[in-house]
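One chain, chain A, appears in both complexes that follow, with chain B as partner in the first and chain C in the second.
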Partner chain A sequence: MIPALEREDLKVIGFNLCKFGNIVGFLLLVPIIVAVIYKEFDIIPHFLIASSITFILCNVGIHFLQTKKEMELKHALCFAALVWIFSMLLAALPLWSTGSVNSYLDANFDAMSGFTTTGLTLVPDIDHLPYSVNFYRHFLQFVGGIGIIVVSLTILARSEISSVLAFRGEARDMGIRPNVVRTSRVILGIAITFMVVGAVLFTIAGIKEGADVGTSIFDGLNYSMSAYGTGGFTPHSQSVLFYHSALYEIIAVIIILIGAFNFSFHFAVLGGRRREIFKNTEIRTIFITLIISTLIIAGLLLLSGIYSSPDVLFRKAFFQAASAHTATGFGTVYPAQISAVWPGAVLFMMSLIMILGTCANSTGGGIKAIRVAVIGKSFIKEIKKALSPNSAVVTAKFHHIDDVPLTDTIARGAMLIALGYVLLLIAGTTITMLHGYSMPDSMYETASAVGNVGLSSGITTPAMHGLLKATYIFLLLAGRLEITAVLVLMGFAILGLRRGIKK
Partner chain B sequence: MIRKACFFAVILVLLMIPPVSAESGKELVENSRHFDNNMVTFRGEVVGILMRGDYAWVNVLDNEVAIGVWCRANDAKGVSFVGDYTHIGDTVEVVGIFHFACLEHGGDLDIHAENFTVLVSGGAVERTPNLLAVFLSAVLVALAIFTVFWLRRLRKERGEIVPWPMSWT
Partner chain C sequence: MGLRKFSLINFLKKNFNFIAGIFSEIGLTLLIIAVAMLICLLLVFIKSAP
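Here is the complex of A and B:
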């Protein structure tokens, strides 16, 4: 029987949340540097207000919720889910107070979309946003891509037990370094390195393609943060189309693919294990599914006769497929075109790859390539078992840094998570359809939200119904945390309501 | 008297003539196949310029949708302001061929301008800080600094805080 909740349980979660909140307070100060550079002195007070409120709330919380009790798994999972909600509520403040969005709900939507690296946005006029606010949106995606808890562990250096549990609660595995804090710092180091390289490449491309130097640098930094975080926010309403450039698209695809790879894989390859590129089951899976999906989408577009030239057809199909599969959300086709002109079968295919998602322990979302590989290998194992004599022992393995035997427990875990995503997709699609949208559009938009992608069929606009905005916020969070943490949080709430809280 | 009457008659006639209709950005994108390879008139605010030798891309925003306009570099050089937070971009009118998927430009949706006119010049937008926000931020910053250090001192006295360098090991 599950024991009733104790007040100490809530204190453990609350205390850790408040300690973590100080990090958000510091993050809210970073855009002030951009505001000073661009002389946006009217925006600075808004970030100061949000940061001050965060520091006051969190430090009062730390004072009154002080506890020496260590986190247990149930606390860590609730903490992991609440961290994202808590961060969203605080990070939404400057978006709302600067008037960048129409309401506080919209600000929460954009903050959650930023942290979960989704890229769906309710900002009505991106092209006239303050530079500091625009930077802030992309910065949220970069921080969210690395993982809020990873960032906090890097800075706070909590106790090892709490750290490990919180780390896992955020749907991350271990294995880079024996110490979880050091692992977090390695992840942060890798992320900053790639982000800087991306920013330099985008800036050079921007200048080469005719933008002025200032715009190229600002855009380069923002596109790079968003691309590495597999986010999807862009500083212009036209997404990548703003640059009308094949070079910009190529750089974007390279950076989003790097962002979509597992941090452990990066660490192994950077540490000299180059063979991992060809041997890693997850990397092989993502390339195979990306090639297959590009060919299918290109084939369907060819049959529909929309694009007359093969190179145009392949360029559009590959960019959209790569953006969807890596859970990024950059687009070179307008949402209204996707909804009105592209065939329904393409929308279905795109929805499927958005749900499949990227690599585990990366900046992206979705079921994850390693689970897709595990499920596929499990099916093959079962078929082999059925065809073999009763006395035969059929085994299977996959390669992820080391050779890992494929056990029933691993297969069951992968299938449960995949089932969870499918259920979320069905529920989200149904709710969207109840708001009067067509099935292909609803499925596409829901898959984009659940897979933390950010491509849109045009449903996500400031005019969208409030209930649908709230539903999508939930889907973004559930998708990012791979459902488990959100379910435990709901269980925690139900337990508290049914049995009360013991002193 | 007759001259005055003629003048007002001319004004009245001019007011009665409908303006040259322009397609909105939303209309063009949503019905992109319908407008493909047709001459369109598109008006909007300039939000981006990319110079490409003798030609240029001018991104024009209308009704929440921005479309890339491929025009001569000299046309783009005539634009005084590009829209951003502190500027309203020039309002331009473009008459040109609309492409749903331009073969010349990698399949992008665009307009190849044949006639590019700056209708209204943009300008700088004065952004003054909200005094209430400035006052509130000053008060809250002071309160936050006081709260953080005062509560930290209280916890230190109670022995709840490990000295700073040790907590970083």
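Here is the complex of A and C:
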């Protein structure tokens, strides 16, 4: 029988949540630097108050929940699911108090969308947001991209065992180095390196396109944080289309693709194992699926007669395909245009690649390319088995840093996660359709939420029904945590309610 | 005190793998972009062919 959580278990989870909350308190202070630079002195109290509330709440919690019990796997899984909700509730405070969104629910939606690097937004007027609030949204995505838990591990590792378990709970279980704390620092280092490279490239492109230096730097930093985090928030309502620049779009694609690569792949390549670029099964898979999806989407758009020149077709079809496949959410087509003009078949294809998602151990979401490869190879293995004599031993392997034998356990795990995503997609699509939206639009929007993408067919607006907003918040979280941690949390919650919390 | 004269050659030698890795990854993304461009070009070419 599965044991219910005891009071001491809840204290372990609560204590660690409160310790983590202090990091959110510090994160809430970062936009104040931007507020000072842009002389937005009326915004500073909002971040100060939100940060103070966070510190007070968390330190009172730490005082009352003090425990010496170490974190176990069940605690880590609950912690991994709850930490996003806890962070969302706190991070939403300044978005709400500054009036950037219409309600606290909308603020929570945007905070969760930020932390899960999704990019769907309920901000009604992005173009007139204060600089500090705009920066804050992108900062949330960068922090979310490299993983709230990884950030916490780099600063606040209570012990090696706690760190290992929290790391596993957040679905980043393929370690790069034996020491998890050091691994987290490596992840942070790689992320900052590429973010800086992206910011410099975006800034140069902005200046080249005629924007002033200040705007170019501000936009460059924000686009880069969002792109590397495969986020999708942008400082302008027109997304990447704001600059109407092919150069800007190409830089965006470079950074989002790099953000979509596996951290262990980055670590291997930056450490000198450059042959991994050609050998890595996951990179090969994402290369093939992205090219095939571009071919299909471009072909369908060309046949429908919407775009006829190769450069426009490339900038619309490939950019949207890359954005969807890497779970980014940048767009060069307006949501209304996607819904009204693009054929339903394209929306279906886009939904499919949004669910397939990007690489494991990256900033993106979705089923993940390595699982797609594992499922594909398993099918081939089964076909070979059927065609071979009974005495033949059929084996398969895939390459991810090293050659890994493809076992039935790995294949079953990949298929279960894929099945979970499909079930979430069906449930989300059905709920969206019940609110009166068409099936292609509903599927597109749900796939975007479940895959943590951020592309929209126009359903996600401040006018959306509250129940649908809450449903999408759940889908964002479930998609980000690859369902497992959320199911564990729900399982414990149901068990706790049924049996009552022991002592 | 403790500061050594900065040498670009030494810096590049010491960080060769890291810098080459960044360029390799950017190269990989450019390869994907190039293939996608080629596909779009071919599709338009095929459609416009008599």
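The rule is simple: the second predicted complex is superposed on the first by the 502 of 503 C-alpha atoms of A that agree within 3 Å, B and C clash if a C-alpha of one lies under 4 Å from a C-alpha of the other, contacts with A are read in each partner's own complex, and residues count from 1 in each chain.
Rule of thumb we're sticking to: a residue touches a chain if its C-beta (ideal position, glycine included) is under 8 Å from a C-beta of that chain, and two chains touch if they have at least 3 such contacts.
Treat the numbers as computed from the prediction; the structure is a model and nothing was measured.
*Asks:* Output check: A:H128 vs chain B and chain C. Expected answer is one of first, second, both, neither. What do you get?
*Replies:* first
*Asks:* Have a look at where A:T193 lands relative to chain B and chain C in the superposition and call it first, second, both or neither.
*Replies:* The second partner, chain C, only.
*Asks:* Any idea whether chain B or chain C touches more of chain A?
*Replies:* Comparing chain B with chain C, the partner touching more chain A residues is B.
*Asks:* Taking the superposition on A as described, I'd like to know which of chain B and chain C A:E70 touches: first, second, both or neither.
*Replies:* neither
*Asks:* After superposition on the shared chain, which partner residues are touched by A:E8: those of chain B (first), chain C (second), both, or neither?
*Replies:* In the superposition, A:E8 contacts neither chain B nor chain C.
*Asks:* Between chain B (first) and chain C (second), which, if any, makes contact with A:L313: first, second, both or neither?
*Replies:* The answer is both, since A:L313 touches chain B and chain C.
*Asks:* Pick one for A:H266: touches chain B only (first), chain C only (second), both, or neither.
*Replies:* Second partner only, chain C.
*Asks:* Of the two partner chains, chain B (first) and chain C (second), which one does A:I291 touch, if any: first, second, both, or neither?
*Replies:* second
*Asks:* Counting only touches as set out at the top, which of chain B and chain C does A:L302 meet: first, second, both, neither?
*Replies:* In the superposition, A:L302 touches chain C alone.
*Asks:* On the A-aligned overlay, A:I283 touches which partner chain: chain B = first, chain C = second, or both, or neither?
*Replies:* The answer is second: A:I283 touches chain C but not chain B.
*Asks:* Could you give the residue numbers on chain A that contact chain B in one complex and chain C in the other?
*Replies:* Of chain A, residues 308-309, 311, 313 contact chain B in one complex and chain C in the other.
*Asks:* Going by the contact rule at the top, pick out the chain B residues touching chain A in the complex.
*Replies:* 26, 29-33, 47-52, 56-57, 59, 61, 64-66, 68, 83-86, 100-101, 103, 105-110, 127-130, 133-134, 136-137, 140-141, 143-144, 147-148, 151-152, 154-155, 160, 167-169
*Asks:* Which residues of chain A touch chain C in the complex?
*Replies:* It is residues 193-194, 197, 250, 253-254, 257-258, 261, 266, 269-272, 274, 277, 283, 287, 290-291, 294-295, 298-299, 302-303, 308-311, 313-314, 317-318, 321-322 of chain A that touch chain C.
*Asks:* Can you name the residues of chain A that touch chain B in the complex?
*Replies:* Going through chain A, the ones touching chain B are 38, 40-42, 44-46, 48-49, 51-53, 55-56, 59-60, 62-63, 66, 97, 124-125, 127-131, 157, 209-211, 215, 236-238, 241-244, 246, 306-309, 311-313, 315-316, 332-334, 336-337, 340-341.
*Asks:* Any idea which chain C residues touch chain A in the complex?
*Replies:* Of all residues in chain C, those touching chain A are 17-18, 20-22, 24-26, 28-30, 32-33, 35-37, 39-41, 43-45, 47.
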